Structure formats: C-alpha cells, structure tokens
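Quick notes on the structure that follows.
Chain IDs A, B, C, D and E follow the sequence of writing; residue 1 opens each chain.
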Amino acid sequence: MRYLLYRLRRLAIVLAAVTFVTFLLVNVLPGDVAYEMAGMDSSEEEVQEIREELGLDRPVVIRYFEWVGGVFVGDWGTSFISSEDVWHAVTDRFPVSFELMLLAQILALAMAIPAGMASAFRPNGRADRIIGALAFASVSMPSFMTAILLIFVFALGLGWLPATGYEPLSSGLWANLKPMILPALSLALVEWTILMRTLRVEMISVLQENYIALARAKGMSNLRILWVHALRPSSFSMITLLGLQVARLLGGTIIIEQIFGIPGVGRLLIHAVYTRDFVVIQGCVTFFALAFVTANFLVDIAYAWLDPRVRTRGSHG
Amino acid sequence: MGEIILDVRNQRTAFATARGMLNAVDGVSFTLERGKTLGVVGESGSGKSVLSRSVMRLLPGNSVVPSDSKVILNGKDLTRLSETELRRLRGPEMAIVFQDPMTSLNPVLSIGKQIMEVLMFHMGMKKGPAKEKAVELLRAVGLPQPDVRVNQYPHQLSGGMRQRVAIAIAIACEPDLLIADEPTTALDVTVQAEILDLLQRMVKERNMAMILITHDMGVVAGRCDEVAVMYAGRIVEKAPVRELFNNTRMPYTAALLSSIPKVTDPPHRKLDAIEGRPPDLINPPQGCPFAPRCKFAGPECEEQVPPLEGPGAHQYACVKPLGEEVAA
Amino acid sequence: MDRNALAIAMHRKSRSFGLYFWIPMIWLIIVAVACVFAPLWGLPPADEIDWAYIQSPPVEGHPLGTDNLGRDLLSRIIYGGRVSLTVGFAAPFIGVGLGLILGMIAGYYRGWADEVIGIMIDAWLAIPGLVILLLFSVVFGGSLFMVCLSLGLLFIPTAARITRAATLNYAGREFVLAAKAMGASDFRILRKEVFPNIIWPLIAFVLIDIPIAIVIEGALSFLGLSVKAPTPSWGGIIAEGREVLSTSPHIALYPTLVMFLTVLCFNLVGDAIRRRLADVREGAI
Amino acid sequence: ESHAMAKKGGELTVAIETDVRGFGTIKGGVLGQTGEIVMRTIQEPLLDWDPETNEPQPLLATEWSHNDDQTVWTFKLREGVKFHDGSDFDAEDVAHHYNRILDPENKSRSRTFIASIEKVEAVDPLTVEFHLKHPWQALLPYLATTSMSGPIPAKEAVEADTQNRSPVGTGPFKFVEWASGDRIIVERNPDYWNADEINLDKITFRILPDTQTRFASLRSGEVDVMWTDRGPSIVEAKQDDKLVTLVSEGAGAAVNLLNGKKEPLNHPALRKALAHAWNQDALVKISWQNTRPAVEHPLGPVKDCGDVNYRGFDIAKAKEYIEEWKADTGNTEVPTIVMIHTTTPRGRELGEIYQQTAKAAGIPLELQPVDQSTLVKRVFTNDFDISGWRIADGADMGPQLYAYAMPGSSYNLTGFDDPKLAEVAEQMRVATTREERLDLQCEMVSIMNDDGGILYRGGGRYHAFTTPRVKGVPAPYRGAVDVTRAWIDEQS
Amino acid sequence: MNAEPGKIDTFLAIDNLTVEYPLQGGRKVHAVTDFTAHVKRGETLGLVGESGCGKSSAARAVMQLPRPTRGKVTLDGQDLTGLKGRALQQARRRFQMIFQDPIASLNPRMNIRDIVAAPLEIAGIGTEEERTQRVAEMLEKVGLNADQAMERRPHEFSGGQCQRISIARALILEPDLLVCDEAVSALDVSVQAQVLNLLEELKKELGLTMLFISHDLAVVKHVSDRVAVMYLGRLCELADAETIYRQPVHPYTRTLLDAVPEPDPDAPEREINLVPGELPSPVNPPSGCPFRTRCPRASEQCKAVMPELREITRGHIVACHHPLVPEAG
C-alpha cells in the first residue's frame, strides 16, 4: 500500500514534469498560432490582437498553471485552429491509436515469444541463426518502408487487405480489424526483434538455472519446461521493455498513421505541431505521457502477477 | 550381496570448450546396491556434479560421451535410451537433489505445483489426489504446516525448508536411485545435520540407493556405506567408509584428510596444506594427475595414469600407495 | 571422436569472428570509404541538376540513374550516407555520454539523487521520442549538429538506466567495498573501479544504437525534419522517391536497399562484437 | 451521361486532403479546397457559376437587378426553401450572414475581399439588397463563391454557436457526423428544394492527408473520389485506365515572392536578375510534371492578356542585370540570398531547383526550410529575401491583385511602390464592366511582372479522380469537386 | 558492563555496537545489537555464528563501512566512529579488510599491480616505481611470483591465488588490524589450508591484530586466540578458543559444536539438541533471549528477560539464564 502510494506520487511528479517541459518546448516553437489563425490575409496588428485575445503574451509559467488548473476541472482547452474541444479531440482519436498499438504489441509478442524460445532452446543452433537473421532483417527496415512494401504487396498487389483507412468497432469486429492488420504489422515487425532478443538472452540464462535442471530431472518434456517453467521467469526484462516500448510505439504510430490514413492521435499531433496549435500539442503529449505512465504501471502489476516474490511481498518477513 | 541397482562402467564425459576438450569425468566405474549409500567426495571441479548428471543423462549441449560409456540402471542401459524413454525414468527410477536450495526450485511456481507436476506426469494422478499426496510428502519430509506451505512459493521458505521440498520432489515417485549433489553445502551446520538425517531416513524407509556427493569429509564419514574419492575427473580411491578413513592408501586422500582443520585440534596448529592447485582438465599432466602435488611422487608416477584397483572392496589408483613404502 | 572435433569446431566458430562478421564488415567498410572520401570519386555534385535526364533510369554518366530533379542518384546516396553515418555515430555517443554521467550518479549515490534523476528519466521517456524530435527539429531544425544532438538526447534514458543498473551492481561488489576500506574517494571509485566495468555493457549498447539512430534519422528525413535542403540524406531520398514509386521505382529502391543493407550490417557486426564483449566481460578472454 | 440515366441510392466515399477547421463563418476561418468540397453538399450560396459560359446562374437567388450606378443590387430569393433544421430560408439569413462578415469587430477572414460591400438589407422575406461602396464587378462572382463567404448558414444555428462543428444549411445533404481527423458524414436531405437531382443516400468524406495514401485508397477501392495536386500521382493516375480523370483550368498561381522592402533585393536590378534566373518551365516539368500550365499572369484562362512583360528564364539576361547591379552599387560579389521554403517535398524541390538555376547566373541562394506557419510569419514580418507563396484562385482576381499591389496594404508583401500601379489598381476596382475590369487587371500584371517581384511557378489546373462506378461528377471547379449530383453505376 | 577485560592492553574496543538496516514501512533489520568485545594487540578474535546472524554487519561496522547505527569502535585509543572525512581516510590505513569472495573482491578490469598498489596510490605514498617495488615485495610475501603476476588480471588466477592477492593488498599499508570476513569460506579445503597457514604466518611476522569471521567452527578455532559466538545479532558467548570448544556454557554454542560433522567414521553419534523450528527473523527478534525459541532449556524467564552478559569464569563471558554448568574434571 505504502509502495503504491509512493508509485502514485512519483507518477504525479513525472506527469507534472512532462507537461511542464512540453509546455516550455511548445512555447519556444517559432511561428505562432496567431498567424495560423489570422491567415495569410491579415495585418500584423490583427495578429497581435489575436495573440492578446488568446493570452499568448503572458508569461509561460502563469499560463502553465492556468492550463493545469483547467485540466483538473476537465477543461483541456479548445483547439486554436479547429475550435474543437481538446479533450474530445484527443479522446476521440486515442482509442484508435491505442488499438493500433495494442494490436502491434500483440502481434510482436506472438512473434517474439515462440521465436525467442526456439532461439534460446539451442543457442547458436540452426533455428537460432535463422530467427536471428530474420530478426535483424526486420529491424533493419525502417517502419515506413515496411509499411509501403506491405501496402504494395498485400493491398495493391494481392488485394487481401485494404491499403488504408479505419473502421470503428461499431462496424463489426472484422471490419474494424481488417484495415488495422497492415499498420499493426508494420509496427510489430520492428518491435518484435527487440522483444525476441531480450527474451532469448534472459531465457538462455534461465535455462541454465538449477530449477530447470531439476525440472529435467523430474522428467518433464522440453515443451513443458519452456512454457511452464522457463517462460515466466524469463519474461521480466521483456515485460519491462513492453512498457518502455509504449513510448516508441507512440512515436511510431505518428508515421504509420500518416501512411495508412488512420485517424489517431499521432496524426492529430503532427498536424498540431505544424500549425502551432499549442493546446492540442499539450493535450496530446499529456495523453501520451498518461498512456506511458499507465502502461508502466500495468507492467508493475504484470510483474506482481508473474513473480510471486513481488506479489506476496509483505506477507512474509 | 544386495540387488545391484546402478552399474556405471567407464563413464567418460567431456566438454567442448574454446580451449579444447575438457575431460570432466574420465573413466569412472562403480556399482551401487539397493539400500546402500555411496559417498562421493572431492574438491571443487573434480567432476562430482558432472558424474551425477552423467548418470541422470542430463548433460548440456556441448558435452561429449563416448559410446563405450555405460550407465545401467535396473538392468536398462541408459546410454541406449531415447530422450522420451529417459524422461519416463527420471522421477520413478532415479531422482536428484541439487546443491543450492535457493535456486533449485522454480521461483514462480508454488511448491505444491512443483511436486504435483511429477505425480501427475509419472503416476497419472489427477489434480486433487496429487495435491493430497503432495501434502503428505511435505509432511513426510518434516515441513511444518504442510497444508499451508503447499500453496506457498519458494521465496517464502527458508533454505532448509526448500531443501526439504526438493527432497519431497525427489522421492515423490519412490525412485530406486537418489542422487544428492552436495545437498547441504549451502546450509548452516545445524540445518545440515537435520537434512542429512532426513535423507538417511528416507533412503532406509524406502529402501533406495543413494549417491551422496559432498566435498566435506565429515559428512561422508558418518553417513555412507562406501566412499569414493574423486580427483581430476577420476575416482582415485574407493573403499567402505571405515576402511577408507582408517587405512588410507591414496596419498591424495590422506593429504585431503590432514588439510582439514578439525574442532578437536588445538588452535594455531599448522595445517598440512596440499601445495599447488588441481590440474587443468584440458591439458592434464602426464601420468597420475596428482603427481605434481604429491609428496611421495616419483618418476614412475608420471609414466601412465594408474588404474583403479586393489584387493577386495578397497581400490585405489596409485603406484606408490601409502602403507606400502614401509614394506618395500 | 569425430563428434568431438565437430563440437570444438562449432564452439570455436561461435567465439571467433566468422563470415557473419566479415561479410557485413566489408560492406560497412565500402560504405564508409565511399562516404568519407566522397569528393574523390569524381561524382557530379549531389545537388547538380542534369536537365537532360530527369527521373532517369540508369544511363551513361548516372550509374544508378537520376532522381526527381535529375540529380545523380549515386552521388546523392553517397553524400546522403555521410549524414546517416554521422548521425548514426554521433547521436548514440552523445546520448550514452550524458546517460553515463546521470546513471553513475544515480546508481552510486542512490537516495535523492537517484530519485531526482529517476524522475527526469521517466519524464523524458514519457514523451514519445518522435514528439521530442519533432519539436526539436521545428525549433532548432536544419543543422546536422542539432539533428545529432536531439537524436542523441533520445538515447539518454536507456543509457542512464543501463548505467544505473550496472553501477548499482558494481557499487555493491566487494572490490568497491575494498576500495572504500582503503579510503578511496567517490570520484576515484567511480572512475577507477566502476567505470571500467560498466563501460562494456554501454559499448554494447552503443553498438545497438548505431543502426537505430540511422533508422530514426531516416524517419525524420522522411517527415522532412532532418538536415536542410539540398543536403541529401537516405530517408529524404526515399521520401522523394516514394512519390514516383510506380513510375521510377529506382529512386526509392536504391537508397532503401543501401540503407537496409547498411543497417543490417551494423546490426550483424554489432552483434558479433557484442558477443566478443560478453566473453571479455565474463573474463573468458 | 444525362440525369435521366442516373440511379438513385448508394453511398459515396470521398478522400479529402485535410480536416476542415470548422464551418462557422467566423470561427472556421478559410475553408480551403477540402472544406469547399464538403461545404458544397451542406450549404448553398445565392448564385451558381457556370464555368462554361462564365456567367452566374440562379441558385438560392432566382433573379437579380441593380440600380443605375451599380451601387445597389436587389436579389429575389427562391421560395419554399428550408434549412435542415426545418426553419425557412429567408432574406434575414442572407443579411445576417453578410453583415457578420462585414463587421470589423468579428475579424472575419473573408472580409478583406468583399469589403466593397457596405451593407446588406432584408427588404422582405424574399428580397435582399446589397449596398456597395462603389461600382464593383466582383460582386456576382463573390456571391457565387463556395468559399466561406458564399454559402448561407441558418441564422439560428449561427446564433446558437453550433454552426461551426455541426453546420446547418439548405444544401442537398444534411450533416450527420464529424469524427475529427477521420471523417465527415452527410446524408441525403429529403426536403431539398431540388430533391430530384440528388441521387446518393450518403457521402462519407475521409480525411487522408498523405497523397500516396489517398491514391492507394482510391486504387484499392476504399474511396471513390479524390483530389490531388501532386504531379507524380496525377501522371500515374491519368495512366491508370481503371480510374476516371477530371480536369479543369483555373486562375491563381503558385509564386515566389522577392522581398523588395529589404536589402539586397530592394534593388530592382537584382530582382530582375533573379526573375530571369527563375526557370518556371523546369519547375512545371519537374515538380508538377506538366500537370499545371506555366503562366505569365494569375488571371487564369478567362482572359488572354497578350504581352504582359513576362520575364522568362534567360541566364544571359540575368547576368546582364547583375552587372548592372554591380555597376550601380559598386559591389563585386552578389551576397548570399536566403530563400525560405516549406519542409514539404514540394517546398524542397522548389528551393533546390531555384538554387541551381540561380547558381548558374552567379547568384548564391541559401535554402532555409521552415514549416508552413513559420513561413507565413516570416513573410508577414518582412523577414525573408525569397519565399514560396501562392496566389489563391478566385472567381474574380481583382481584390487579391489590389491587395498585393497597393502601397501600405498589409498584403503588399513584395513592396510594390509604383504610383502608376496604384492608379491602375484604383481604376480596376471601380470599373463598371467586366471587360474593362479584366483589361485593367492585365495592365496591373504587366507592371508587376516588369518589376520582377512576383515570379510564377505554375498556374491553376485541377485534377480529380474517381473510380469508374462514380458518375455525374463535374470537373473540379476552382479546385473543389462537386459530388452533390453524383450517382453510382455498379455496372461499370 | 560487568565484563571488561583489562583496559590497558585493549587494542580494538568494540562497545555496544548496533547495526540496523531500515526497511520499507519504517521497520528495521536488527542485524547487530549491543555487541561488545575487546581485542588485545596481536590477538585474533574469532567470530562465529549461523548465516544471517550479523557477522558481516559487525565486521563492516568495525570498518566504518558504513558507520554503525550506535556504539563505539576504538582502535588504539582512537574513536573511529567519531572520525570524519579526511581524518577517517587517514585512519583507514591502520585497519584493512579481506572479503569472502576472492574473485569478486578484485576489480576484474585492473591488473594485479594496480590492484595491490591502489592503497598506496590513494594514500599518496611513494613514486610509481617505489610502489611497484613494494607491490613486488608484497606479492612475494604472500607466495606469488611477482614477475609473473603483476601484469595479469584477476580472472587468470585461481581462488586461492586471488585471496593471496587480496591479502597482499590489505597488508601493503602495514595496517595494525586485519578484519577477515569469511576469508577462506569460498576456498577448497586444500587451498583453504594454504591460505590459513599464510594468514597465521603473516600475523606473527607483522604483529597483526585480527578479527576473523567464519561460520566454520573448525576454521575459527584454528586461527583464533579467543572466540565470540553470535546469535541473531547478539553476542552469546566469548572465551578463549580452547575453553569455548572444550567447555561451551551457552546451549547454542553447544548445539553448534554438536552439529559439526567430524571426519571420523568412529566418532560417537551426537544428538543435536534443538527445538525444531525456524531461525527467527532479525526484523522481529523474539522477546527476551533471542535463542529461547529453539533452546531446549528455555524457561519463562528467558521469554521475559534478556540475559545480561556475565563473566562466569575469568575471561569467559556468556549471555544465558541457564548456562550449562561446567562439569567437574
């Protein structure tokens, strides 16, 4: 409980730090939203007026605290550009990005776990080498190229999957999943390697543990040893990485959403950066940070689930 | 003569390493009868663990075993069996307890699961009865509150309790052969005594054969029928326990015994240390591997590796055994 | 005893630099030499437009053809490689250098220093890398140095974490305790006892990061946020080529291939070296 | 294809390039081509413009007339037209809409261009009067525009402040849903005053900013209609016989601005040198892949101005002007001139090509990529030497030319300061016939071209593509695709 | 304290040493509690006890690594616990330590010369050459071939050799006090004997005072003049080596001795007299006597009152309510 409180307090500090840093960064961006709003056909005075109207001429720190105050009462601000409520803008798109990331992670794990186990079972064996080569090849391809290739092959060439787009879940599960497969795969193809290699390294050392030798001595089959005995204790680094990767995936979605025309936060964000839509940038980054922090909190929980040493902490001196 | 359970003939185990072949076990032969305990002593790296794993056929990928090595357990030649056939024997016919109780149990599985697993796989038990049996086994090895402990995880138990669990796992399927590889080295002396007593009791009650591996001469002295001393991958002396201690023939065994500080010695006595260090198993010296450190070694010792032989049950691998120089 | 020989041979192979190391290494050397000495090859300048050949497939004088604007593709790929390689090397070193300092402080002193650095790192991690890059390149954009620096900043958190964990590990070792018992100062302990031990995992980490930095620089170029025109970079050429992928596929294809191979080779070489380092660390060599 | 063959029903998906900022007259700012495509389906202007005859057609207004000095125009409105919310369309809505734009307090971005209107009055429910400050030939074209000032919203929705994100109009389709950044959905308005002409049940506008993505979606059939101005994609799409190409010509132009208000380009000789060092044909060929025409003025195909003093690509002449500049200023070296361009591939290409041709003339250009909003800021704050820019297409180019040319206008970005030009501009503004107005516009362009402050880099030509099953889509008018009369023919 | 051996010749005085480690949630590990022992110059005090009883914590507290929570450590009249910064750094030359793991206590990245020369370097003694010279002498003294050893790295040496290097490093500053924490536990018997002999020789030669810690009673007896037995952070019994092994009076010492297996098949079987159960946790030590939960002689008094240390015969200190009365004869 105390630990939980400590974690939560730390999360709060991290979030505060993130939002403040972003606020600063965003505020030193050259060019400003006032021009964007005034458009090409207005005078310098008009721009200045808009600036005052938006309060952009006041000190950053004061504006930051106003913004934070707003967030606490559910007011994330209104986009300067589209006058859309930022909370809505972000929460509308976030599930889309979230689904993409989740799917990517699932695909990456689905590739990484069996591959990592096969590799670790006989290090330097044939399977290990083949998997290793595949893994290197797939990280060596930038995700945007992978994406373009996938579109060429599976959408335009074979016509199996749509090239672009997004369907809400309300259109049906398959309709929703279908256009997500290629983008998720483009992300997963980059991510699985590092998961696989992490798992492999840790599993190689776990497989040398005495308790694995004991499991062998008990007459357990290789498959059972890998899945039941070795996988869980080997997956701690991988799980940590899953949490950390959220940050990378969030970044990755920016390009992938662009290429596949998926209406996620990534696209919202990049558009906001280009148009200097401070409030939206701020909202997106805050949300990203929240997602990251939550993901890592979940990782902590996953630890507890995977490792009884964490789970039963405190129940024993 | 009791029923012979284990017959190891000319076991050789080598490892491919970067520097070359490492002969960890080099031509070891012995037999073991039901109800008997064989103590195996030797310094670190002398091949005790590799020998035990060779018997279990649990060797890592870089190991090489020549085809003339044989391990015959209950009449079956383990070297001829497939991995699946071996798997069926591990547990019901042979079992092992490892040195370090802290690492020999899986940290993420409850100890109950780890015991039940063997029962379910080998005895085809269902979950419920397996659990009951597990509790029963834990009680048998003297674990307090077995019905609570069965759901706990290894980290919630102390070292001694974990070793009891490891023993429970080993005896779950009532094996004929139990190998205990330094089962008490990591434990405190008081706990060590309890665990050794427990092992001894189990072997007696269930009429098993046991190989007790240790580096502690004190441990084998009290609890074995026969003792084999290993040095550089070989058995250099083997005898019934009393015979070995009272009539030591191999200079290595003697040196080992005298280099051990004893509680009965007066303080500040100078120990008879064996100078030098054990040979490099990749490039072993010519002849008797102990010769370079042996006080009595002569040129004849470097000619060839002395075979393990001797009158009756007392065998030794030495061309200049102790107790003979007087006669000569 | 055939099997023995085989087993030894296999083991040797896994320990020494085999073809898996040398073939990629040769490619990397070719790329590096080509890029570093680019002005010596008598290539047309990377920004010179050959009005006679716009978007041309390979022809006399343009061995790989020309790009959208009729510039020599080979020349652009080679000059682009300079950017990619510079970023690939500079960024991880900047990041690891800074991460090293933070990580050592956090891991050695623990307590509030650890807490503060931990929060900084968490916060930095919580902002997605590409967002940081996006903002940085918009704010400071354009110069190669800024690209290296901003990309380097991305490597700080992981480098710091690795350093911290390693420092923590070594700071608890008995030889550090022994140094303390001798009265060594903290600085000496960090410099002489801890640093030489943690530098190896960090070098391994740099090796992993080089290809990653190249790929990220590619992504930035792809978004038009890396070095400014007319300096070519691989990601930039690919982005330009993507527009004419179906009519002039060579424009995107060649740089993609070069980038892919180079990154792959960096990975393979890095992996081989890392294995060696692991041996060194284990004290086996 | 006549409407007789049109089939009722069906759904259409249209790919648009950017999200709409909003449909509110004030908040929404400028619609842009994308916004206009959507807006056309929901709201209607008073007039329709026939691109063939270049004449106004009745739409919400059925007839119109003016007083003798052309300062008061009276419009009769169509009877029985209802807004989507059920309220009646009347003169009040029209007057309210225009007066809001004209009120300087509201800072509407459409105001500058229709500032010649003094006020709008509702005479009776079906009659509305436009009072002008002076005779103004651009009135009818501007009333027909589908950009923000043209389409009439419901007064109630505007006052309730809901118009911006859920627009209410009189158009053939009703607004249904707007998932920001993703899609806008409209459905057929059964109560439309001209319901017979409308075939589709529903139109989904999908926002796909990336051209390749849009194009891939069209080819794989996820969308039916797309618009693009990217040369390579247009060329490729035109070659694709599974796609239908729609082309139209327009006015406006992409341009380079040379900053004559600041050293060193305040010297006319250097501007002229740079004008001759600019190779419009090469850019049109390379960057637009000839999908746009090279132009000598931004007035579009409606007017053939004849010779307009266009300074074509001519390195020799450029060098002559440099010599002149050197002699005049005593300098021996041309200083490095900074060109700002956007970070987009198009911006890069522009800079790279100009850099090469300028180099050939002996002028060193340094490129500075900045993003769109920085570029806008720097141009407005006079912080540039050369910058990419765009003169927007308009039903009448007069108001824009006027703003670019008049000294003191905030839109005089290149620093034109020619009394002759100002005089012609004033005449043009109050010209009483369209012919006269256009002649004066040509004259303005000649003076501007001679100065060399604005260099063209491709005129207006628009391309849209549809899948063959889509029928009834006219060529994009001023860039905006009109899908309101489309129908689906599954057979093709 | 009623048991204070003659103050005059006390060289190392450990008084009421207490080491606590904070845990999360405000709890503490009571690793060492009120430990008192005085060591004469040139004497070796052995410290035995089961794993986790606080031996290492006590040793480190003596070394001021880190400073003890409470209590005082006086070396040759100088109060170490009071020293700070440079003064402590200076004083450190006088007391050095050898650790359990021979390999882990040497920096794998340094060569032997640098490892052994480090204390000199830190103390700023001598030039580079002089230091090398000293190192060579020291290496020879611990039985290593200096020429061969200097440039090599720790992993090229066996455990016993590494421990010799550690000893060389610890002794190069000619300290007065040497603390050995399980210095031979990781070594094989044959090598252990070599190192024990070496320590004995050096001690005589250099007149070292030693604090020798081990869990192995036989080893401790071998090198110690006096032996202290610890249980759960507290001192149970302290006496000279002969006495404590021959005639332990604390039931715990007795049990420990009984449990040691003797390398003699004819040795009589000994019962270990222990109430079955677990070693209590140092986080919640039992009330009263810490050993009472496992002690066959425990009474109500043991539960209620913590036994004071008392001297039952001269120099034989014990903390027990019901000591085993020394049998006559």
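Just so it is clear, a residue touches a chain if its C-beta (ideal position, glycine included) is under 8 Å from a C-beta of that chain, and two chains touch if they have at least 3 such contacts.
Since the model is a prediction, treat every value here as computed from it, not as a measurement.
Remark: among chain pairs A-B and A-C, A-C carries the greater number of C-beta contacts.
Chain nearest the geometric middle of the protein is A, using mean C-alpha positions. Subunit B and subunit E, compared by their mean Cα positions, are separated by 32 Å.
Distance from the subunit B centre to the subunit C centre is 51 Å, each centre being the mean of its Cα atoms. Centroids built from CA atoms put subunit D at 90 Å from subunit B. Residues of subunit D in contact with at least two other chains: 212, 370-371, 374.
Touching of two or more other chains is recorded for residues 10, 138, 242, 245 of subunit C. In subunit A, the residues touching two or more other chains are 30, 148. Contacts from subunit D toward subunit A in the complex involve residues 18-22, 24, 27, 29-30, 107, 109, 112-113, 164-165, 179-183, 206-210, 212-214, 216-217, 219-220, 222, 370-378, 380-381, 403, 410-411. By the touch criterion stated above, subunit B contacts subunit E in their complex at residues 43-44, 142, 144, 158-159, 161, 188-190, 192-194, 196, 215-219, 221-222, 241-242, 245-246, 255-257, 259-275, 277-278.
Those residues of subunit C whose C-beta lies close enough to touch subunit D in the complex are 47-49, 51, 54, 68-70, 138, 141-142, 224-225, 228-230, 236, 239-240, 242-247.
Within the complex formed with subunit D, the residues of subunit A that make contact are 30-33, 35-44, 46-47, 49-50, 81-84, 88-89, 92-93, 96, 148, 151, 155-156, 159, 162-166, 168, 258-261, 263, 267-268, 271, 274-276. Remark: subunit A residues 10, 13-15, 17-18, 21-22, 25-26, 28-30, 124, 132, 136-137, 139-145, 148, 152, 244, 247-248, 250-252, 254-255, 269-270, 273, 281, 284-285, 288-289, 292-293 touch subunit C in the complex.
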